[in-house]
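First the structure, in the form of structure tokens, and then the observations on it.
Letters A, B, C and D name the chains as they come in the text, with residue numbers starting at 1 for each one.
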């Protein structure tokens, strides 16, 4: 395959090539080309940059919260005096802590990680991996992004309305979320923002499924799909079927707040000594059921694409096929299916009876098995490999033990008896942060380092990348490991100041350690930010397949032109044909014709 | 900080000038009197409050809804707000500028009645070594609800109420803590103290409707005529069953 | 660069372990905060003191699980580290394209599944059944806990062991915080306090209610946690061990608003004598409050 | 065109036998099923869990004041509109764009009849009678469910009007593509009718 000469830098979307199937293709205005683009690659990059901004913003919220936790009610250095209207006296008031907590969760999950995994990587990589010229519905794709953008703006704007942003946690449990900030906009804007984000995800998932089903290249059967595509496929089904109930729940809560209905309000509520005007007859647990029916599949939305990315990177950098590819595919389908019937394990402490608890504990134990299978398969892939320790691989490798910690610590939370002590403590925080932060976020970093050359035609700097990795790896553990011990000690989550409790005071040292870990982790991102922007313009130029990988996206030019491939690709073999005997090179790309292995 | 202070002084000066302009020096009419209780005092004993929810609230405190001054003769009522209800016409009064200090001390509000003018700053302080959460429950003004986790007898937090109305205040951490805010458009109001008397000063001569408000006994109105240079006297008598 | 990567990786892992351990060991409490009452029990980075007769079942499951988790993680981590070192890319080394038949992994997965089943059916479901259905019959104390933003109310039934009816419409936060009705004979001898008093060694049935939003009644030393959900009455039970008299903490474990962090109450485990004295003090007819 | 040339926008995929749009609309309808499914589940839960007496109790059917005659009329209107929608698609299949537009216009007209009846004979009198959403959970659900359904109807009206007007330009360049679009809209429209056919007995007859 001829080397594609890349010209110019920037985001790397030059169109100096001759594509042979761009019928009626003419130069677009700047706006249509980069802002209201319908090209899946541009949309993917838009998603990626927006999501990175939100991730950074959500992380900043948390770093400020960590100050209040480590040094309760002391003035926040620098930031406290910069925003006096947010921090009266320079310190963080508990209501502000709650608002930051709620928005940290919401932003990280719905505006950061999901758009990054699905919107950015899914959009950019998936069509390339299946050899499609674009997504099945390009205009719908553009709409998904802009609806997501509106949702993000709504969420951000809610910080500046009277009364501040939503304060009821990212779970927004009713009746708290209905009665707080009455006649104010915070929670209402949260709900409206959520409706936007849900709509965006729904449109996106329809697009993804249709694309994967309809637009696969010739010869690319379902079992020749790269694992990442499978992960996106299952994820899209989760988004498609789990999000609507939350949309319904959001509408009901909006009605409760705005129209005074009582879907989640029982009779006889007395708030602050005032009898409430709600008619009653509603049920607070209804919200929790609807919410967790979404939010448990959502957890898998957060992790499955990450697993997919890690699998891709491990296969490429072990120079070896994934061990048990089919088992992994079956496992991921099973995971997706099971994730719909485990939701109530978040609700053991709500007074759940024996039969329900037994059912949900059993399904929870069952769902842990496919996760173990996938993880084990990835580790066994390392056996007999030839491991390249480049930056994406380091992040992908670190994902494995980190996700293992996150997954294992889920066990005590899935059994109702141990959940009595650990429910809603820092143990839960530690557990899901190990899944999402050193797990998913590391996978995201791995993905960025891995596919950066595809998107820009330039490599990111290896040395800076390694510094970034080592520092991040150390400090992310310093930040999250103490949480397990705090949780065992019985410190509840969402406390603006735990030192009022004797058991909280006893582990305040751990809280400080965790805070310092978080701030250092923030500093550790500096090499990444520098690397990201500098490499965009000055990184080492590379050819279309710098990692010598087999999947289809590496057969397209870097960056791929409009329409993606120079000629319509045809697939001849499975996704991970590395080290095939009788072939001179140690990899055998999917699109290359030749003897079947 | 410096700047705010300077502006504050400037504003205060301007306000004083304004005040002087609107309320002429000749406006020296006075209404005074006391609020008398008639009835069975045993029915209105102060009961001790159970503060066991927070071990930091050590000092015993009693209920405030009715406080009778039993030492005065006749027995008078504390915490009655007497104000001009009608008779001031459409006159506008500049708000008082000195902040009204509301302290949370020994897990109760000091003072119990917060009588302020519209736009007059109310400064809320925490005099206890525990967390307080002040929650204003107005109907017309915007609801305020914030916590003060630390002892703070200096800085506090300042609020202003824009609209005339009486409403409750409570602490969300110590549910028994309660107080009342009364917002007025004019400066002619007074709260009875331990002697049960009140005095409304600086009134221009004329006919007024005066209202006495008590959180438990309700309101009572009376017509009073104020002549220049001579204090008008008016007593209110509450006879609860 | 590539050749030393795995060393860096190992150094990082090692560094983390060392750092983590020293930090945990050195994690000391900050200066204790005055909360009015001295709290008994030992608290640190692991499970706190257990004063409940049945609490050991929760602890046992947590401990067994952690031993299992650490064992699995270490074993798995050793294999992981071994692969990283042995199969690193180096001159003359090429990946083996033939996939190994990893029978051990299958056995491992089966073992994990069996172990989980044992935990589930051996340690969890029976204990949960006991928690949920085997309410004590040995004349337990009965207390009603009513949560509100942001305080706990403890409603005792008095000598007749019957709770009076509550009417939310007549709640007066100073004099009648729960809305007890005067005309209900069952409620005549009831009393309400902000402190939770139980007798050591005696089982207690607690009925949990909420006035406004969802709270969660959490007593770390009892291994008890139950959400208080408005519109519902949820009973739970526990029994304290003998010779555990002292003061312990009750916290709220579910975000309930601004002051969630300060929604704390004290549980006094009393000897029978102390309890009787307390009841006498609380139920004494109120004297008139006189200001000094 | 700014989009890349995509296969299977018009011709069906050899394996799935669907063109992309049709698969997409089916997936969309699946998510809609989940949306209305969640709301219907909430209905069941709230109705079963409603207090026996008091203001929050579930009202007896007579108290709701919902007339099955108005509801039945609207059901009929929607069913007929579904038929005209199919007729429009059939007309396109026989390459008669004029007739297709007439049928589409009839569909829009019927949908408007539905909305007007709903608004003037049901919503406004209900609210005037004090039966607002906050009155009790029956009316809360009634307004939420029918309101959401009405939003779907309005969405449908907008899309169909687009196909009568500017959208029909596609007929000249790619008639099959246009026919497919009308078919997808039809699928959506039938779904919206179907939701009403569930809503009608749930709200008006029980």
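As a convention for this text, a residue touches a chain if its C-beta (ideal position, glycine included) is under 8 Å from a C-beta of that chain, and two chains touch if they have at least 3 such contacts.
Note that the structure is a prediction, hence the values are computed from the model and not measured.
Ranked by how far their CA centres sit from the centre of chain C, the chains are topped by D.
The distance from the centre of chain B to the centre of chain D, each centre being the mean of the chain's C-alpha atoms, comes to 59 Å. With centres set at the average Cα position, the gap from chain B to chain C is 45 Å. We define each chain's centre as the mean of its Cα atoms; on that basis chain A and chain C are separated by 30 Å. Averaged C-alpha coordinates put the centre of chain A at 54 Å from the centre of chain B.
Shared interface positions of chain A, i.e. residues touching 2 or more other chains, are given as 94-95, 267, 272-273, 280, 283, 496-497, 500.
Counting partner chains per residue, chain C has residues 35, 148-149, 173, 257-259, 261-262 touching two or more of them. For chain D, the set of residues touching two or more other chains is empty. Here, these are the chain pairs in contact: A-B, A-C, A-D, B-C. Partner chain B is touched in their complex by these residues of chain A: 72-73, 88-89, 93-95, 162, 182-184, 272-274, 496-497, 500.
Only residues 34-37, 148-153, 173-175, 177, 192-195, 257-259, 261-263, 265-266, 286-291 of chain C touch chain B when the two sit together in their complex. Interface residues of chain B facing chain C in the complex, by the touch rule stated above, are 45-58, 60-65, 129-131, 133, 145-147, 149, 170, 172-176, 178. The touching residues of chain D, when paired with chain A in their complex, are 1-8, 13, 16, 18, 20-21, 23-24, 27-28, 30-32, 34-39, 42, 45-46, 49-51, 54-58, 132-137, 140, 143-144, 148.
Interface residues of chain A facing chain D in the complex, by the touch rule stated above, are 21-24, 28, 32, 37-39, 132-134, 136-140, 202, 205-207, 209-210, 213-215, 240-245, 247-249, 251-252, 255, 259-263, 267, 277-283, 286, 290, 293, 562-564.
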